[in-house]
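In the two assemblies presented below, subunit A is common to both, partnered first by subunit B and then by subunit C.
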Partner chain A sequence: MSGLELLTWARGPGLVLAVGICIFGVILRLIEILALGRQADLASPRQNSTGSGWRTIFTRSLPPPGMLRRAPLTYLGGYVFHIGMAIAVFFFVPHIELFRGLLGLRWPGLPNPLVDIASIAAIIALLALLVGRLVDPVKRLLTNAGDWLAWALTFVPLITGYSAYHHLFENYTLTLAVHIVSVELLLVLLPFSKLFHVFSLFIARWYNGEISGRKGVAS
Partner chain B sequence: MSPLGLEEKMNRPADNTLRIALSDAGISRRDFLGFCATLAAAYALPASSVIVIAAALENASRTSVIWLSFQECTGCTESLTRSHTPTIEGLILEQVSLDYHHTLQAASGEAAERAREESMRANAGKYLLVVDGSVPLGNPGYSTIAGVSNFDMLMETAKGAAAVIAVGTCAAYGGLPAAQPNPTGAVPVSQLIKDKPVINVPGCPPIPVVITGVLAHFLTFGTLPELDGRGRPTIFYGESIHDRCYRRPSYDQGKFAESFDDEGARKGWCLFKLGCKGPVTHNACATTKWNNGVSFPIQSGHGCLGCAEPDFWDMGSFYKALSMPATPVRKAVAGAAAAGVGAGVAVAFANRAKKAAAKAAHETVKVEDLTKKP
Partner chain C sequence: MSASLQRGVNAFKEVIDAPVAAFFASCVHCGLCAESCLFYTETGDPQYTPIHKLEPLRRVWQQEYTLLGRLAKLVGLAKPVTDAELAAWSPLVYDSCSMCGRCSMVCPVGNDITLMIRKMREGMAAAGHAPEGLVTATQRSIQSGSPAGVKWVTVQAQIKRMQKQFGIDIPVNLENADYLVLMSSWEILNYPEYLGSVGRILDNAGATWTLSEHAYEATNSGIQIGVSDLARELVGRIVKAAEDLKVKCVISPECGHAYTALRWEGPNLMGRRFGFEVKHILEVLDDLRRSGRLKLKGSIDKPLTYHDPCQISRRGGVHQQPRALLRQIAPQFREMSDPGVMNWCCGGGGGVSANERAEPLRTIAFKRKKAQIEKLGVNTVVTSCANCRVVIEEALEHYHMNIELLGLTELVAEHLAED
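Moving on to the complex of A and B:
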């Protein structure tokens, strides 16, 4: 299979398959999680906890006092990676064209050099986070196969996208095709791996904030 | 006078060469040397080689060429020969002794076929075979010449050829006839000829100077140019249209034409969003250009269709950006969402049942149980 054949497959049947599986998996898992339910909290709330859950969704993104100093790599690496990745995914013009093709929505993109800087930052941050995970004995103990998988699934699209844009390999078409296929693999495994935090994060944070609020813990 | 002067050529003395043909056509030596310099530059040869190429071409005599046209539209021949004035490219083709070309030759019927057979006999092992069009394998009757199927004619003629040049995307990759669902079972030449060098010169049509560039290389050096993994001359197909495009800076700056008549289009911004396939298309359009270097599709305001690449016809809409889905996804998404809801509800019920079973199986521990001796 040549690069162009792979590219055409990735833009056609591959994309349909990947998006289909992703949607299927996300809906399946969301229903599964939400339908599990929680035991009713029969105690009356300790204080007025209105909005505690919603607030927590945002406040959990900020480091608690002193934590930034104690775990700078985790926080800064996390910020740089997520923001860089978001810029690369949502503001690179060819990507916006993909969203337009899929959702019919469009928004202005950024010039390529800015997207390039964001991608490099995200790649460096991911590498730093990997090293941090390997070096720190506690983190290493907490790490299982799911974490390595999540890291790899995220890293490969970034590095292949960067390689394609900069023509790091002679066969641009193949590099582009591999990039798209790697994103499709990410989509397929997203609902069934730790990457599902893209969705579950908000549910978990809301629930934690809400239940803590009811019990009198500040969010 | 016939388009390529074939009748005149028949009466020409045997030592007649391109030099005379050029002066007959009113092409100055300066123009001719300019053409040779273009070829030398394309092949990255030193300036001194211009004279070598010129001498080789001028004195080239009677390298026989048999041109077979199969499932094609004659666009490749048109590309090479059609112009207001005779082109150097056309004259070189003529000069290399085109012994058989059923669009251009004066002879027809049995006389035409005889010309091919005679040439094959007289120049066995030495002639160049040029093919445009794909070969149908589905049914021999889909395309025949003088009652001979394309497949049979190709195999018979290729036997004594020094090399085969597959001109155009159809001959090189199957092209339009091979587009899905490929009703005639069209295949490219390289799939059938395995024991000879096959040079692919794709493009729909290919750039004239690329076709002649390959012929000129053969005439000058007696060898074929360096080929890439797809059998294409690296020198012409080594880079993508996008990399050589004069609109590339606007791609990098994020300046795109959104429609064919908006301000961006008028300012000559990048046509990526309008479906340009330049990033994955390898050809020399952006450098050698067309019509004697006047322009090329992107310069005239239309995105590249990717015509020099295999299966370009099946790469999705010409007017959809390369990063857009090539096939519709909405139906699949709706189906997947419905399946997801179904599966989610099923899993939810299964989990509930599991929870209920666990609850039912739960035994309350009493104080006596703790004090009981095992």
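Moving on to the complex of A and C:
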């Protein structure tokens, strides 16, 4: 298969397939979680609570007091990666064009040099987090094959996207094709790996905030 | 699979609900929960990472409640939970977790890890892997009504002493009172002044109150060990007494887990709402203060700080009340680091203090509190949980620290403005 053939496949049937599996997987996993249900809490909640599920969805993005100092690499690496990745995915003009084609929605992009910096920052952050995972005894204990897979699934699209944009390889078409295929792989595996946290964390945070909020604690 | 292991795994399956599934599905293995847990920060031992303590429960979730996990199990690729594994996890689930709730405030994806530990203990106890000390305490609770084996005659003797010492009348089995007063074992055995203090404060406020011969003990080791049936039995005794006596409000004593057991888990264990209110003594004191019925005079003239008991503050929502009370009687009150809902545990909650096996670890974990107190440089610490008090007192002695430890209710009673 030539680069062009791969690109054509990736832009056509490949994309449809990947998006389809991703949507199916996300719905399946959400059902898997929510169908378990939970018992109603019969303890009467406090009336004047500052906490709530909705609040925790937002506040949990910030480090609690004292934590940034205890784990600077995890927090800073995490922020830089997530923000950089979000900018690269959602604010690169060609990506916005693609979203417009798929969803019919459009929003303003950011200038390419800015997206470029964001991507480099995300790549560096991912590498730093990888090193952190290799050396920190706690992370090593928690790490399994799924973590390496999730790391690679995120890293490859970033690096291939960056290479394509800068024409780092002679065969631009092939680079672009590999970039798109790597994104499709990411989409396919997202619901079935720890990357699913991009959806489930909203549920988790909501429950956490709601459970605490009933007791009068903003968590 | 042995019968007890089967019971344990079944209990695991039963406690897994939507929140638990959302939590396990969301974990990104970032390790931040370790940094929030005193059993890790004070030992540096990665096995004390909060989410790691739940590994067997996580695998049951994965193998039973996810499609991929079930497929893996079907083709024999899943690693089943074994009895040996649960035995190995017992010290992690019981000795190195005080159910303090700090990890649940920190996890970036929002996992309520503490809630899952509580749930996991149900399976551990069912599989026969609860620690000896907790098993005995729970058995004693069921037989005698108290984990320490305190009998009604002991309480009666104490009532007599307190009536004499404080010059008050202590009503027993009085119907239609405003308040039913409970105690924890520690208050009966170590801190009898609690009862006298509450009596004086309530009398002074013009409230009616009573003790019950059938429910005087609020400690609930069923919750700590993770046997809901026993927890229900223990809560049920209090509910029955309160409803028989037709009291308006039951006062949970200066004991953290008693409050969690009665106020938050109680109605769920019983499967119904109660016909009375449940309040922690600090809530009652603060209510009285705000309505002008708690008249105080004088002040304690030395620098002091407040240790937040986890179940009362972070897991119970009572963290402003002690501060409002202290500000009135202690002008030199100062906060230690991470006050209120981000407090650090004394190390002895969640049944850890009743678990002899855990003692060396608990002493190490106390180093966190030790450092906090030393940094602040005060010599007086006030708290509102008798279990915290016992744990801290033992640790202070171990570390040769010359710190005075006070119960807040007693301190308030000492500053009552008598009419």
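Basically, the second predicted complex is superposed on the first by the 212 of 219 C-alpha atoms of A that agree within 3 Å, B and C clash if a C-alpha of one lies under 4 Å from a C-alpha of the other, contacts with A are read in each partner's own complex, and residues count from 1 in each chain.
Here is the rule we use: a contact is a pair of C-beta atoms (placed from the backbone, for glycine too) under 8 Å apart; a residue touches a chain by one contact, two chains touch by 3 or more.
All values derive from a computational prediction rather than experimental measurement.
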* Asked: For the three-chain model obtained by superposing on subunit A, do subunit B and subunit C clash or fit?
  -> fit
* Looking at the overlay, what does A:36 touch: subunit B (first), subunit C (second), both, or neither? -> both
* Asked: Looking at the overlay, what does A:141 touch: subunit B (first), subunit C (second), both, or neither?
  -> second
* **First (subunit B), second (subunit C), both or neither touched by A:79** => neither
* Regarding the shared-chain residue A:110, is it in contact with subunit B (first), subunit C (second), both, or neither? -> first
* To do: Could you say whether A:19 touches subunit B, subunit C, both of them, or neither, answering first, second, both or neither?
  => first
* Residues of subunit A touched: more by subunit B or subunit C? -> C
* For A:28, decide between first (touching subunit B), second (touching subunit C), both and neither. => both
* Structure fact -> For apex subunit A with the CA centres of subunit B and subunit C, the angle to the nearest 10 degrees sits at 170
* Should A:4 be classified as contacting the first partner (subunit B), the second (subunit C), both, or neither? -> first
* So, A:90: does it touch subunit B (first), subunit C (second), both, or neither? -> neither
* Least CA distance subunit B-subunit C after superposition, rounded to whole Å? -> 5
* Asked: In the superposed arrangement, what residues of subunit A touch both subunit B and subunit C?
  -> 28-29, 32, 35-36
* **Touch list for subunit A against partner subunit C, complex** => 28-29, 32-39, 41-44, 46, 49, 56-57, 60-61, 64-67, 70-71, 74, 78, 136-144, 147, 192, 194, 196-197, 200-201, 203-209, 211-212, 215-219
* Asked: For the complex, which residues does subunit B have touching subunit A?
  -> 230, 240, 243, 251-254, 256, 272-273, 279-280, 309-311, 314-316, 320-327, 329, 332-333, 335-337, 339-341, 343-345, 347-348, 351-352
* Structure fact -> Residue positions on subunit A within touch of subunit B in the complex are 2-5, 7-8, 11-13, 15-17, 19-32, 35-36, 93-95, 97-98, 100-102, 109-113, 167, 172-173, 176
* Structure fact -> Note: in the complex, subunit C contacts subunit A through residues 16-23, 25-32, 34-36, 40-41, 46-47, 49, 51-52, 65-68, 104-112, 115, 263-268, 270-273, 314-319, 337-338, 341-342
